[in-house]
Amino acid sequence: MSLALYFDYVIFPILTIAVLLVFIRLVKGPNVVDRVIALDLIITIGIGFITVYSIRTKEAIFLDVAVILALIAFLGTIAFSFYLEKTNNDD
Amino acid sequence: MMKHFLMNLLLSFIWVALTGSMYYSNFLFGFLLGFFILWIMNRNEDDQRYFFRVPKIISFLFYFLYEMIAANLQVAYDVITPKYFFKPGIVKYPMKARTDLEINLLSTIISMTPGTLILDVSEDKTTLYIHVMYLKDKDQFIAQMENGIEKKLLELLR
Amino acid sequence: MIDNLIINTVLIHLFTAITQLIFWRKTVTQRILSVAGCFFGLVSAIRLFYKVYNQGILTMNAANWDAPFGIVFVADLFSSTLVLLTAIAGISVSIFSATGIGRARMLYGYFPIFHFLMMGLNGAFLTGDIFNLYVWFEVIIISSFVLMTLGGRKAQLEGAVKYMAMNILASTFFLTGIGILYGLTGSLNMASLALEVPKISNQALINITAMFFLIGFGIKSAVFPLYFWLPSSYHTPPSAVAATFGGLLTKVGIYALFRVFTLIFTPDEFMKGTFIVLAVMTILTGAFGALIKDNIRRLFSYLIVCHIGFMIGGLGLYTTLAITGAIFYLIHDIMVKTNLFLIAGLIRQLRGSMHMGKLGGIYAAYPKISLLIAVVIFSLVGIPPLSGFWPKIYLFNASFASQQWFYVAAILIGSIVTLYVIAKFWAQVFWKDACDDEIIVDNFQNLSKFKKGLLVVPILLMASVSVYIGLNAEVIIQVSTRISNELMEKTPYIQAVLGT
Amino acid sequence: MELLLVFLIGVLYAAGVYLILRRSMVKLLLGIMLFGNATNILIFLLGNIVKGKPPIIGADFKVFQDIYADPIPQALILTAIVISFGLTAFAIVLLKRVYALINSDDLDDLNTPEEEDI
Amino acid sequence: MINILIAILSTVGALAILFASIGILRMPDFYLRLSVTVKAATLGIGLFLLCTAILFPDISVTTKAIAISFFLILTTPVAAHMIGRAAYKSGTPKWKGTVLDDLEKDYKNREDLQGIAKPETPEDSTIDPKK
Amino acid sequence: MRSSILQTASQYLLPILLLFSVFLLLRGHYYPGGGFVGGLVASIAFVLHSFANGTENTLKIVRYKPLSLIPIGLLIASLSMFMPVLLGLPVMTGLWFEEPIPVIGMIGSALFFDLGVYLVVIGVVLTILFTISQNTH
Amino acid sequence: MLFTVLSGLITSGLLIPFGKFFKSRWSVLLACLPILLFVYYFSYIPDISLGKTFNQEINWIPSLGVNLSFRLDGLSLLFSLLITGIGSLIVIYASAYLKGHQFLDRFFAYLLLFMSAMLGLVLSNNIILLFIFWELTSISSFFLIGFNNQQKESRKSALTALTITGIGGYFLLIGLLLIVYITGTASIDALFAQASFIQQHAYYPYIVGFVCLGAFTKSAQFPFHFWLPGAMKAPTPVSAYLHSATMVKAGIFVLARFTPILGNTELWSYTLLIAGGVTMVYAAIHSLFRTDLKGVLAYSTIAALGMLTFLLGLGTREALTAALVFIVAHALYKAALFLITGIIDHETGTRDLTLLSGLRKVLLPVFIAGTLAALSSAGLPLSIGFIGKDLIYEATLHGPQQLALYLTIIAVFTNVILVTVGFYAGIKPFLGPLPEAFQKVHLPYRAMWVPPLLLGILAFILGIFPHLLGGSLIQASLQVMDISTAPVNLKIWHGFNTVLLLSIGTLALGTIIYLVQKPTANKLAFIEKFNNLSPKHIFERMGALLLRFSDFYTNKIHNGYLRSYMLKIIIFAEVLIGYELLNSGPISIDFDKLSPISFYEGFNVLILIAAVLFTVSTRSRLSAVVGTSVIGYAICLIFVFYSAPDLAMTQFTIDTLTVVLFVLVLFRLPPFLNFANKLDKIRDGFVAISFGVILSIVALKVLQEPFETQVSDFYGQYAYSLAKGKNVVNVILVDFRGFDTMFEIVVLSIAALGVYSLLKLRLKSSEKE
């Protein structure tokens, strides 16, 4: 079994299942903070996805995207926290 | 100490330049080689801190890695088994770390370790509020932190 | 032939705007820069027009890449005429703004954005690349959003939200159309599209694409039933802004419709019919709206809609004669509509209101200004031999030839309603005594002579152009006819761009 | 894969339309954003889509050695994304102003009667 | 050889991520979810990056891999701390099995103190245009 | 909403992000990146800083009003667009120095153009976000 | 001729800067212009009498065939003389009548403008040019009628007049353009030759209809007559000029002009006969009941205009002769009567017939003038009116066999009443005792009472020496209108015959009615009860209805709700695109051309769709934002999968920034409210899904077409060698299509400026606009 096939049939499915689970949390909530961390985790898994994809296609260029994600993904979370601390009600 | 570090870096760069292959493995090899040469050369000098610290850092890293994997496994087990074993709580932890860098490194490390998470730092920067997943006993936890991670970290930094 | 002159008007406005940004909050400097920029823009536009008039289509390959690989700028007579008209309207608005716009707005970037808008207009007229046209459209709409909200009164915001929502929708349709066109032909250059599009095996797909452009540009040019943003918003911004909008913004939509539907798409019977139906409905809708509006800018807004129908109908007839008429109307309309909103601004300076019910007595107090305004509004009506009259003759003749009697009827109704509402406007605003109970705010009286001049001279300038268009219609007819021929016969355009 | 993207485009457009038909200005904005995304994917799809071959010439070459993804739609979408960011940012701030003014994001509350014209 | 190494590392990484996602779904309260997810996912990604570093013997790729891990380790705890604190302050409920909360009373004290000693003054909302 | 952890993090994230943004800017012609993304990353650096330390403090670091970056950026971009005209070439024609320069590679008008884009993007994003956050406090 | 037309225009233009001068008593100098013009045209009489015509043509707009082309023939000379002659008197009169008026200069500007327009109209040898002057008369009369613009009634009348004549004008234009369209020429000269071609053309009925509509509105034919009594709000000199001698005759002139082109067909004759007949009877009856002197004159004018139309419709040589003579006669006496009314109004302050009496004691010369005019109007032998009346009866009696009797009856009927109302206006105010109130009335300036006197005298001079008129002008005019060239011989005395009998009968009957029936307020009130049925009322009701409809339509369709606008736009798009889609043939999917679906790609799309649904359905704003972020990041992954790293980076950073923006802005917004009812949601959902489906199908179809890669191949080929870059996307952005980027950053900059100003700028209340 080549590495590519292994990735296609093992790694990617695991990652997709992971995303699915997180997405269920995102939909379920119940609070906005839950959704925010779910989003954060989805992005993190996305970084993993991109990394794996670049291994799978042997194109290192995609790692550049992952770098950006890793650097700035948390800004969204920070913004949400900022918002939530400002407004104590959880709309 | 800085002198030694820079010297070591210089040596590793020279090594890379000599061998002409820009790989990290090569650089790492150069660095270790340089470290060894420097250590040999400076065995008789007073300031030996550099040569102790490097192994300490490495050992700390391994310690951290070990903690992380162990805790991860514990959590993983808890996550996939139907029954919850954890006893969460928020602990007020009086830390020894004082400078911003120390506090930050400490909190990063605490947060990156499964089972613990920094929720807040008090405004006077003396206390951490840590969310702990497996809180058997507050004092025991505090003691474990003080003598474990924090101590090792501060040793490295000071 | 390669010529940087084409892009000069764009660059002049760009650099004017940038310089004004550097002189942020220096309102006097900005005013001077604005008028100077517009002046150079005008000079450059005149030079371009003459050159194109005498030498034919000019092109400039941006970044020195041959079409269709780079972005090409094309000045044919159509675009250079519009550039010229924009320059005239631009300098008028610029002079008017010097006193017509409050200082607070100038402090927050009125002038730079105005020049960006001018730049956008010129760019849109001159570009020969469909995606670049999209970019210009975005420059135009974003600057118009900003100008529209500048000041942030509630009515402005209301207008802006509607204006914005619908215009963004329009851009989306436009962009979707571009995407499809690219998917079908692999090209974005309009001349090369003109060659590629007829080669597509499934022409129905081309018709579908055309519909996206029709809707996108239709919204921009305020065609029924896509016009709603216009009467919702044009009465809200400062009059100098409304003048730019009223005179030029919808006309960019018209320009794009004419350009795209002559160069890239050739309307089939269904599309022509659609255009005619839209034209008729647009005229009627505008006319009905104009009949009932009391606020003069709302009234003018509906008149814009009404007269858009005239031009769209010209496109729907799709004969050289009809397009000549529509182009002539376009030329006339740009001058008059811009002026109308400047006049609205002047009226507000004179009387502090824009409600016909509250206005009055201007004729008694300011006879010369009133007569000047009369010239403009009767040009709008098309009282011969003023400018609005001649294009209608072409449109009538063309519809006779195509036997489009509904369109004839619509033009008739539109013209009659325009006549009626303008006469009513005159009677109410100029003849009637001002209401006693209403305290009249005459800001004009207290202005210095120079400032008064700044308000009146632009109106005079454009009124003179209107009168010139009317009295020397032959020249305009020559230009319109040539434009119309250029539009209907696309080979020279394609040759000029692709050099084949 | 194209079929899936085709379906996705449909969903995005439909959702965009549905949202812009709501009364809330926030939804309007979200709808506009979805519309923009839909258009971008449409453009992307209608170009030549190729997997895993970015239009970047290899380090050691002067021209492409292999097939590569169509760079034009990418450039167009990039431009479109940035432009719509500008528009969206402005629209969001407009929303803020509207909210400050009428204390709600209900578009119906924004309507100004004609009598309030100047 | 390298392939097998990569396969093992990536599998472990993927599983770590999977555990994180199961965790976020299954954990009974927000704080536990947060606590579980952050590190497991980071660990997983770290392992993936190790794979890339092994696969591409190029210095730039390795640098990137290191950079990504570094950035993640730098930012993730901060984000977790911020959202955790925000959640706490906005009253996100704790699991019923929570045994201890030192933060609660401290926050109460602080708020009381602020309420008396330092009334909250809104910052100047506009900048003087002349500046 | 001050957090010492975030504040400290932002202290060292700011230079890292800025460095990274310049990296993206310079390599854009050869690898993914360029003025846009570079500018966006740079502005995110400041935005992050402002989240941690307050907009006023970030403005002190920036020293200039972000608004003033816009005309500078526009000027650089438009001059690099306009330069060829002075040489009798069509607008925007690429001009290049003969020899490549280490690290950066070929230097040409395209790079200046990208630099303009970079500055404008920073100016724009910061103007927008800082104006909003000043307005929100 | 061009100069004569322009002279008035120029003078009126000069009045704007030099108005002050002419506001003074020097205003009378302005009369020099019409007098000179009168003399100028007078000098043409000998030549024209010989049957010559004079043409002048200056190119103006050759592309449209519209040239400054003038033609002086009998008809135009006749009208020119009337226009300039009466115009001279009016100017003199007005300079006294409006002495000291604040806006005298404007008045004269309009008046001269009007005069020039009339001159141009009658002299035009080009029907488009004719139309231009036609519209100019409408506009200048608008200003003249509304001259007393402080009065609401005055403004309303001006508006009504302009609306009605404007509507007519546009119809006339259509008629004229149709003529030009079918014949290819606008030259009246040329059209004479094409008469039979036009009359056989399928569009002929429309042409007649449109031209007549135009002429009828202008010359106040039933049912468009009502603007004319309203127009009496104008200063009396204006009424005298516009509504007696000139403007209303523009319609008659056009009918006369087109008689040789469109005339001599049943359609033409019946149209004119019926319109004219109804008008004259209707107006005559009405005139009898008016108590306002001007009202009386207005309705009698309408009746006279009806009569003229009627005669033109009759179309025989006799009828045309009668019409021409009657035009002159009517112009003379009606102008005089108006001027007299003006004097009475000016001196006594009232025009109420029931109040006025005995004025002969104070206004003797005026009384003389009035009597002369009234007698001419009555058709007393030796007056031109008598000759006119004779000719009318002759014409009706010799009309078509089966109609002659009826035509004569209505002609007699109308004439009888015209006699009566002529007496009302010219004599009645002067007879009887002088009431207390008018004791102090004194004779006005000479400039005011001389003109009517002159006109009255002229009526008799022409009556006594009819060949002055007949041999020259009428003859020449007829020559233009009629093919036959038999000499015209106007006589005072035709001998004892039926016509004489009718004339005398008319006079007698008219006198009897004058003596028996007095207009009173009661009678007026009685007739006004029928106002609900009057055309004016019907027009006003239609106007109101139109306004109500406009209001309903505009507010219905433009209802203020953005979502409703959006809905309309989307549905419109769906209809158009859907229609074309139906024409585009069946969908066929060529699966070979599609790339295979990987598991993770499909999954990514599914997540994306789920996120879309979540965003649409969530009730929390913040959650919706979270949802859109997921969408954005999933799209980012699509870009990664499909080789677009640059795009992915940009999409990601921008999405993150958008989230930050949203979050910063969403402070304290209340939760989404559920406004829409279920039905609306279902409708919107249906529309939305249809739109999605349509777009999907379009995309699918486009995908099936072969893809051209010429341009992207070029980019790939030369990105490095020519543009020195390896990231082709970036090379496109900064080089190949750098212009897009340049102006895209401008877009960004503008957005930033906009945000800045939107949040920082607060207007002071003084800067509302």
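For this structure, a couple of remarks:
Letters A, B, C, D, E, F and G mark the chains in the order given here, with residues in each chain numbered from 1 onward.
Going forward, contacts are C-beta pairs under 8 Å (C-beta built on N, C-alpha and C of every residue); 3 or more make two chains touch, one makes a residue touch a chain.
Note that the structure is predicted; figures quoted are calculated from it, not measured.
Think of each touching pair as a link: the shortest run of links from chain E to chain F has 1 of them. Comparing the centres of all chains, each the average of its CA atoms, the largest separation from chain B belongs to G. The chain pair with more C-beta contacts between its two chains, of C-G and F-G, is C-G.
Using the average of C-alpha coordinates as each chain's centre, G ends up farthest from chain E. Distance between chain centres (mean CA atoms), chain D to chain F: 23 Å.
Chain A and chain D have Cα centroids lying 21 Å from one another. Between the CA-based centres of chain C and chain D the separation comes to 27 Å, rounded to the whole angstrom. Averaged C-alpha coordinates give centres for chain E and chain G that are 75 Å from one another. Chain D has residues 20, 28, 42, 45-47, 51-54, 56, 72, 78-79, 82-83, 86-87, 89-90, 93-94, 96-97, 107, 111, 118 in contact with two or more other chains. The residues of chain F that reach two or more other chains are 3, 5-6, 9, 16, 30-33, 36-37, 41, 44, 47, 67, 70, 74, 78, 91-92, 94, 124, 128, 131-132, 135-136, listed in rising order.
Counting only residues that touch two or more partner chains, chain B has 107, 118, 120. Here chain D touches chain G in the complex through residues 1-24, 26-28, 30, 33-34, 37-38, 40-42, 44-59, 62-64, 68-72, 74-75, 77-79, 81-83, 85-90, 92-97, 99, 104-108, 111, 118, going by the rule given at the top.
Note for the complex: chain G touches chain A at residues 598-600, 603-604, 607, 610-611, 614, 620-623, 626, 629-630, 633, 636-637, 640-641, 645, 648-649, 652-653, 656, 659-660, 663-664, 666-671.
Contact residues on chain B toward chain E in their complex (touch as defined above): 22-24, 68-69, 71-72, 75-76, 79-80, 84, 86-92, 107-108, 110-120, 122-123, 129, 131, 133, 135, 138.
Of all residues in chain B, only 100-101, 103-104, 107, 118, 120-121, 125 touch chain F in the complex they form. Touching chain D in their complex are the following residues of chain F: 30-32, 36, 124, 128, 131-132, 135.
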